[in-house]
Structure formats: structure tokens, C-alpha cells
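You will see chain A twice below: alongside chain B first, and alongside chain C after that.
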Partner chain A sequence: MNISTEISDRNIKRRLLKDKIFTYGMISFAFLSSIPLFLILYELILKGYKQININFLFEVAPDTMDAMIAVSNHEIIPGGIANGIVGTLIIVGLASIIAIPLGIICGTYLSENAEDRFAGIVRFIVDMLQGVPSIVLGVIGYIWIVKPVTGGFSALAGSIALSIMMLPSIVRSTEETLKMIPISLKEAALSLGVPYHRVMLKVVIPTGISGILTGVMLGISRIAGETAPLMLTALGSTAIQTNITQPTSAIPLLVWEFYNDPNLVSMIWSASLLLLILILCLNLGAKAIAKKWKVQY
Partner chain B sequence: MNSEKIFKYLLASSGILIVLIAVGIVATLFVGSIPSFKEYGFGFIFSSDWNPTEGRESYGALPFIIGTLMTSILALLITFPFAFSISLFLGEYFKHGKLPSFLRSVIDLLAGIPSVVYGLWGFYALRPLISELGINAQGFGIFTSSIVLAIMIIPYASSLGSEVISMVPGSLKEAAYSLGATRFEVVRNVIIPNAGSGIFAGYILALGRAIGETMAVTMLIGNSNKIPAGIFDLGNTMASLIANQFGEAEGLKYTSLVEIGLILFIITGIVNLLGKLIMKKLSA
Partner chain C sequence: MESTILAEMPITKTNKKLNVIQNSIEHIDSPVLKIDDLSVSYGGDKYSIRNVSAGIARNKITAIMGPSGCGKSTLLRAVNRMHELYPNTHNKGAVYLGDENIYKLNPIQLRRKIGMVFQRPNPFPTMSIYDNVIAGFNLNGIKLKRPEKDEIVERSLREVGLWDEVKDALHNRGTFLSGGQQQRLCIARALAYTPEIILLDEPTSALDPIATAKIEDLLVKLKKDFTIVLVTHNMSQAARISDYSMFMYLGELVEYGKTKQMFTMPKDNRTEEYLTGKIG
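The block that comes next holds the complex of A and B.
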């Protein structure tokens, strides 16, 4: 009797110990994964803040010679990333103009015809599009636009590639949001004799606008930092380029160029910092919208 | 009445357009890789030669397929304990409060950092460390890229897991507790059998992400066109090969790169399909 309680006592102690070890192990592993984030932020801020000033936003990227002279004199490299900022605005803006209407319409179609077989196929394809590697979309942008349409690298080609990339998140968020809107709302409008399309455009979509906007902003933040597809499509440019059929720069492309040019290497951190701030703002904005204008019923 | 019809057609036509885009992507990749397929046939997949020297041109995809699978699978293995811990932490142990919401924001931020910035960090912070440890002379290679990839896919690997773990019915867990099970035993005997396939689906989808990742890998893998001898060797992935060589490619090299794009597209497609199938089985 005495021996057996002793054994079970030890057994319980061992199980409790195991439980404790597991719990602490899990907590430490979970928080260890946040370390890289802080290391990256630390590196970016520490090395990047020196370069950021007004000129950084309004001047184009310096050429290698100027940068070399400045570095050898221990001065801050002159110039900024204005060509990248303008390029990113143009490329991302154009991609949004293409993807947002198509995405919202398609999401509406999916939520309105949820049981339809064709809608099932479209839903499946949207899911698959979400998984296509960005570099493959770069190849597509090159074959579709760079070669036949613009006859050379262009912002348009980059926009097409990025618009395909942001489409799935807009479609899915529109569909999910519209599905949550109660049918009674739609029925009330229809019973007043409002035609179907006006019900959709004036009642259903405005009600779900916050969810749709969240999806749009997440889609934009997903493409704003993309480099790989732009390397095959927009290529880059040293001057501010507003013609969408010409090679155009973008902030992530500039980071890549600075990285490859030993004289400009000290500008990578500030350019990355700016890019990160831009993306974080988009992310936070999306979250704020989702929180503030949540569809409530 | 008329505008109503137009509206309905407009909705349906957007669906048709999406289908056309997808069909167009597949068709474009197929057509683009016909010349190289005619030249090499299926041997392209198994040839380990990548030689762009004029006159002795020869292209094969094997080193890049192997390099891609090695980096992404290794990344998934590295990420596993971290992602699983996060899933458990957010889905079971601490659902509400300040710490979990802090962890959630950290994961959101990790997902928002662009690939090229991860690459920079890997190059300037991680690579010197790897070379210091004597793992690899310059710190480049499959291992280095896998570590950075592992960090990048943490958000994707952990989010689905925490969702399915939080959906494990409370009655099951309570039944186990009432029998005297410790929390660890509940995790092992109730939560993992219940949520296992969902957690697994999350890892498969994260693997799909890792396979298609370009910039960070390009900056760290060393870009050698040979079959890597081990995880500490240099290598190359399909995505980073395209990023590096597509710009100036012409003729046979160009179509070979398009075919590599097609193979990459098919592999990620299969991986994603697998993840989706597991998820579907789960919800059914």
C-alpha cells in the first residue's frame, strides 16, 4: 500500500513536471519568434534614420559618382528616392484601378450566386490565383505586356502583374463581407420596389464597405513591397517617370538597386525604412477601418 | 428591367474574366515553354546541366527543383516549433489579454515586411553570423536562406493552426481534465488529434509560400547552378533563377526560364491544392 502510493506520487510529480516544461517551452518558443522582428526594426531604424530628411522624399536617386564622392568625404549621400515614390504610386495606383472594380464585382457575384456551379469554379480559381508565386506573375506581365504592348519594360506591365496579385484578397474579402449582411436588409429594399442593381449598389455594397475597404488595403499592402515581379516588368528608372509605357522605378526596386551598387549601399536602410512605414500604415489603416466600421447586426 | 439584366451580366462576366485570366496564365506559360520542351522533352526536369555558354547551351531544371524543395522544406522544419507554439499560445493557453494581442501584432508585422527587406537583414545581420560560426565560408547557402524563409512563413504557418485549435470543443477538453489529465496531456491526446489536420493544412499552405518566395532567397542562397551537396552548400531556387537571369535571356535560355516558371507554377499549384483539400475534409 505504502509503496504503491509512493509510486503514483512520483508518477504524478513526473507528469506535472512534464506539463510545466511543456508550458514554459511553448511560451518561450512563441516569444522567441518575435525577436527577428525587433532585430529587423532595430537595424532599419538605427542605420536608416540618418538619411531621412526632406530631400530624401523630393529628390531622385543619386548617381554612383556623386554618392562615391559624398561617402569619401564622410558626408550624407545627396538625393533621395522621389523616382521610387512616384513610381510606386503610379504602379500601385494603376494596379488598384484595374483590380478594385473587378475584385468587388467578382466578390459580389460570388456572394450573390453562392450555390451556383460556375461560381464554385470561380471561387476555386481565385483561391489558386492567391497561391501563384509573384515571380511567375512577373513572367506573365513580361509576356503579356512588355513584349507585345509597350515594346519594352513599362509601369503598365508591372501594374498588370501586381493587379493579378491583389485581386484574390479583394474578391474574398468582398464575398465574406457581403455574405454577413442579413438577407432581410436586401428584402426590405426589394419590397419597396427598388430594382435589384440599385439594391446591390445603394444598400448591400455600402453596408459592407468597411470589409471591402479592409480587403483592398490589405491587397495594396501586399503588393506595395513586391520587388520580384517588377524586376521583370517595370525594370526601374533613374528619373521620375510619369509615362506608363516607359520603364519606371519603385521603392522596392530602388532598394534592390542600392543593394547592388556598392556606392549607394548606405541608402538601402532608409529606403527600406520608408517602404516599411508605408506598408505598416496601410496595414494599420486596414485594421482601424475593420474595427471602426464593423458590419454589425 | 433592362439595366437589371445588364447588371446581372456584368456580375457574371467578372467571373468569366477571372477564369480567362487564369486560363491565360496557364496557356501563356505552356506556349512559352514549347520550344524548350521540344528541345529537351521531359529530360528537362531530370537534367542537372545549366550552361548558357553560346554553342554549348544546355538547360535542365533539376538543380533548381532540388534547391527549391530543400530550402522550403528546411524552412518549414525550422518554423515548425515556433509556429506550433504560437498556435497553441493563441488558440488554447492565452486567448485574451495583452500578451496575446502583442504577439498577434508581432505576427501581423512579420507578415507585412517586404521580402527584399528580409533579404537585406539576412545579408547584413544573419550571413556574418553564419560565417562566424564556420558553417559556411561566406555565410551564403541553403541553410541561411531557410532560416530567413522560416521567419517569413511563421505568420502563414501559425494563423490557421491557432484558429483550428481554438475551435476544439470545450466539452472534449473538460472530459479529459475531469479524468485528471494535465494540460500537456490534453494538448497531446485531445487537441492534436482533433486539430491536427487543420494545423497540417496551415503548414502545407506555408510551404507553398516558401516555394514561391524570391527576393530574400536570391540575396542569400549563393546562386550556384549545381545540385547542392547538403543543406550548408550553396544552391539556387527556381524563383531566384528566374529573377536573376530572365532580364537578359533570349532564345533557348528564355524559353527554358519560362518552362521553369511553369514547373514552379505547377508545384505551388499542387501544394496549395493539397492544403485546400485537407482544409475541405476538415470542414466537411
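The block that comes next holds the complex of A and C.
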């Protein structure tokens, strides 16, 4: 009796200890995985804040001579990344205009016809599309648009490559969101004699809008930082370019150009910082929308 | 082909049984809706309701009762073709609204004449109370002037006794109302179109007793303007408010008659067994 009590006491102590170790282990690993973001932000702010001023947002990238003179005089490099900011807005905007309607309609089809054989095939292809390496999409953009359509590097080619890239996240988030909407809402609308397309466009999709927009925002933030496909399609430009059939710059392309020019190295940090802030804002915006526009049913 | 065998079964047996079945179905003079030998299947040869024939009396409340799975909801949904939402449904027989077979009509037009209220209150969560009531017009792209809309909203909400409770909050979301208020809002939404018939699929089964009593009072009041068909598995509810009752069992319309008579002197054994709690 006594012996068995002693053994079970020891066992319990050991078990409790294991529990404790496991709990603290979890906490420390959770902490570890949140460290990289803060290290990146710290590094970028430390090295990039000097370059950021009003000119940085409104002037185009400096040429290498001006930069060299400024660096040798220990001044900040003149100029900014306005050509990249405008280019990113145009390329990402155009990609969104292409991908958002397509993705939402496709996702709606998948959620409405979940058991359909064709829907199964489409779903599989969209999932595969998610895994296509971005550089391959660049090659596709080059072959499809750059050579036959615009006859040279262009923002349009970049937008199409990026729209393919953001499509899967919009399709899947739309599908998952709409699947959660109770069928009773659809029945309510149909019982009022509302035609099917209006039921979907005016009742079902608006009810799921927060989930759909979250997917859209995450899709945008994913493509906003893409570099590889743009190297083969939009190429880059030293001036602000608003003609979508011409080579156009983008913030990530500028980071790559700065990296290749020893005189412009200190611009890398500022451009990266701006890009990171932009993408963080998109992510925070997605979270805010998901919370604020959530519809209770 | 099994279905035709099923349909012929009573005839191949004894004529006596056939007589019993016919006698227990009350004949309604000049019905607003005439169900004629209707069978509905959700796929294959298995029919959820078989050979149902009945007339629905104008400006009365008709209750459809029966144990779960007996086909009462299917019968109700077949009347405004909501059962067609499920793939592979097919049916035999006809339902006449006036002179028209509803299966020859466009379901969109049909549903504007026959409104429906569901088991769980389902106001549109993105819309205000006002927009919920007027949804039948807005969603169908029917343009109305503001005063016309205001009038329809007020009339419909007054009809369901919700006007005084919500008149100061018309532009709040409908989902903030209590369950009973939401259900009355859904009835108002169905009334706004002034349909001829309103179908209700267990409208009070998700509500508390007080809200249920309010809905029942409302239905009794509404029957002077509308014909009401109600599915319920609550026998006392059918006894309290309905004028006519149908008893369905295993997909068959067993008995149909005046409620008072059916509850006091049922003609069919199965009805009696159901009413006394032996089956169901």
C-alpha cells in the first residue's frame, strides 16, 4: 500500500514536470518564430531611415554618378523610388482588375457545385497553380505577352503574370467563405422569386464579402513583393511610366537594381523598408476588414 | 418502374382499401390550389411523396402534420418548387394554381405568387430591417419610388405586428432582432409581395413559447387576406390554429379534413394512432 503510493507519487511528479517542460517549450518556440519579423524591421529601420524623406516618395531613382558624388561627400543619396511606386501601383492594380472578378466567379462556381466532376478538376488545377514557381510565370508572361502582344517588355505582361499568381488565393478564399454561408439564406432569396444570378450577386456574395476581401488583400500583398516574374516581363524603367505597353519599374525591381549598383547600395534598405511597410499595411487591412465587415448570420 | 407498381398497388389489392383512402380525403369546393396525383422523388425510383391529391381552401389555414420523414416538407416545397434546389428531383402529377399547372410556369414567377417562410428565421444579414421587407422588390430589380417603398414597409410590418417595435430602428440590421421578431420580419418580407398563398415550414420550431403564441395569433389574423399552408410536427399547434389538417405517413396523404373533425373523429386508423402517440 505504502510502496504503491510512493511510486505513484513519484510518477505524478515526473508527469507534472514533463507537462511543465512541454508548456514552456511551446511558449519559447512560439516566441522564436515571431522574432524574425522584428529583426527584419529593426535592420531595415536602422539602415534605411536616413534615406526616407519627401523626395524619396516623389522623385525617381538617381543615376549612379549622382549617387557616387553624394556618397563620397557623405551626403544622403538624392532621388527616390517614385518610378517604382507608380509602377507597382499600376502593375498590381491591373493584375487585381484581371484576377479579382475571375477569381470570385470561379470560387463561387466551386462552392455552388462542390460535388461536380468539372469543379473537382478546376479545384485541382487551381491548387496546382498555387505551386507554380513565380519565375515560370515570368517566362510565360514573356512568351505570351512580351513577344507577341506588346512587342517588348511591358507592365501589361507583368500584370498578367502576377494575376495568374494571385488567382488561387482569391478562388480558394471565395470558395471556403461561400461554403460556410447557410443554405437558408439562398432559400430565402429564391423563395422571393429572385433569379439565381441575382441571389448569388446580391445576397450570397455580399454576405461573404469579408472573407472574400481578406483573400483578395492577401493575394495583393503576395504579388506586391514579387520580383522574379517582373524581371522577365516589366523589366524596369528609370522614369515614371504610365503607358502599360512600355517597360515599367516596380519597388521590388528597384531593390534588385540597387543591389547590382555598388553606389546605390544604401537605397536597398529604404526601398525594402517601404515595401515591407506597404505589405504589412495590406495584411493589417485584411485583418481589419475580416473583423469589421464580418456578417453575422 | 417500381414507382408505377407502387401507384397501382392499392388497386391490385382490394377495392375496399381504395375506398377507405378516398373517403378520408375531404373534397374542397373551388380550391385556390389543387394538388393532382403528385409524386416527388429526390432521385431514382424512390418517391418521397406518392400520389397526393388535395385541394387547398381559400383564406383558410391548412396544417400538414406527420412524423419526421413522412414527406410533409417535401409536399410544401413542391407547391412553390423549392424542392428543385436539390439536383435530380423529378415529379409526376400536377399542381394547379387557378387554371395553371405550376410545373408549366417559370419558378421565378411562381414564387412571386406563393411566398414561403422557413423553419429558422433567415433575414438577410447584410440588409437593414427596411431593406429586408422590401427585398423582394429590390432583389428583383423592381424600381419603386421612396413613398411607395415606405408604404409597403409600413403596411407589411403592421400586418405582422412588428411596426411599433421596430419603427425607430428601421435602418438597423435585421439580425439584431430577437428570434421571434426575426421570424415575423421574414413573414413581413413574404407578405410585401402580396402573394396569394403563404407556405410556412415549421415556422415556430426554433422559437420560445411566447414568440410562438404571437406567430400563431398573427397567422389566424392573416388568413382573411391570404391562404396559409403550414407544416408542423406540433399537433396542438395544428389543433389550435388550422381549419383543415392533412396527416401524412410514409409519403402518403392518409387523411385530409376539417381539423376539428380529424382531431375528434379520425377516419383512418393510422391518423388515430398518430394523434394518440402510438406512431410518430
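Keep this in mind: the second predicted complex is superposed on the first by the 263 of 297 C-alpha atoms of A that agree within 3 Å, B and C clash if a C-alpha of one lies under 4 Å from a C-alpha of the other, contacts with A are read in each partner's own complex, and residues count from 1 in each chain.
We adopt the following convention: a contact is a pair of C-beta atoms (placed from the backbone, for glycine too) under 8 Å apart; a residue touches a chain by one contact, two chains touch by 3 or more.
The structure presented is a predicted model; accordingly, all values stated were derived computationally and were not measured.
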Practice task
Mind checking the superposed model to see whether chain B and chain C fit together on chain A or clash?
Solution key: fit
Exercise for the section: Please work out whether A:Pro195 is in contact with chain B alone, chain C alone, both, or neither, and reply first, second, both or neither. Expected result: both
Exercise for the section: For A:Leu162, decide between first (touching chain B), second (touching chain C), both and neither. Expected result: neither
Practice task
Based on the superposed arrangement, let me know which partner A:Ile145 touches: chain B (first), chain C (second), both, or neither?
Solution key: neither
Practice task
Mind telling me which of the two, chain B or chain C, contacts the most residues of chain A?
Solution key: B
Exercise for the section: Considering only touches as defined above, state whether A:Pro206 meets chain B (first), chain C (second), both or neither. Expected result: second
Exercise for the section: Tell me which partner A:Ile81 touches in the superposition: chain B (first), chain C (second), both or neither. Expected result: neither
Practice task
Kindly classify A:Leu185 by the partners it touches after superposition: chain B alone (first), chain C alone (second), both, or neither?
Solution key: second
Practice task
Taking the superposition as given, tell me the minimum C-alpha spacing from chain B to chain C, whole angstrom.
Solution key: 8
Handout entry: Common interface residues of chain A - those touching chain B in one complex and chain C in the other
Key = 195
Practice task
Would you mind writing out the residues of chain A in touch with chain C in their complex?
Solution key: 182-195, 198-199, 202-203, 206-207, 209, 295-297
Problem - In the complex with chain A, residue positions of chain B that touch it - result: 1, 3-4, 6-8, 10-12, 14-15, 17-19, 21-22, 24-25, 28-29, 32, 81-86, 88-89, 93, 103, 106-110, 112-121, 123-125, 151, 154, 182-185, 187, 205, 208, 211-215, 218-219, 239, 242-243, 246-247, 257-258, 261, 264-265, 268-269, 271-273, 276
Fill in the blank from the handout: Given the complex, residues on chain A that touch chain B span 15-16, 18-19, 22-23, 25-34, 36-37, 39-40, 43-44, 102, 105-106, 108-110, 112-113, 118-119, 121-122, 125-140, 142-144, 164, 167, 171, 195-197, 200, 221, 224-228, 231-232, 235, 252, 255-256, 259, 268-269, 272, 275-276, 279-280, 283, 287
Exercise for the section: Name, in rising order, each residue of chain C that touches chain A in their complex. Expected result: 80, 82, 85, 107-112, 115-116, 118, 120, 122-126, 135-136, 139-141, 175, 186, 189-190, 193
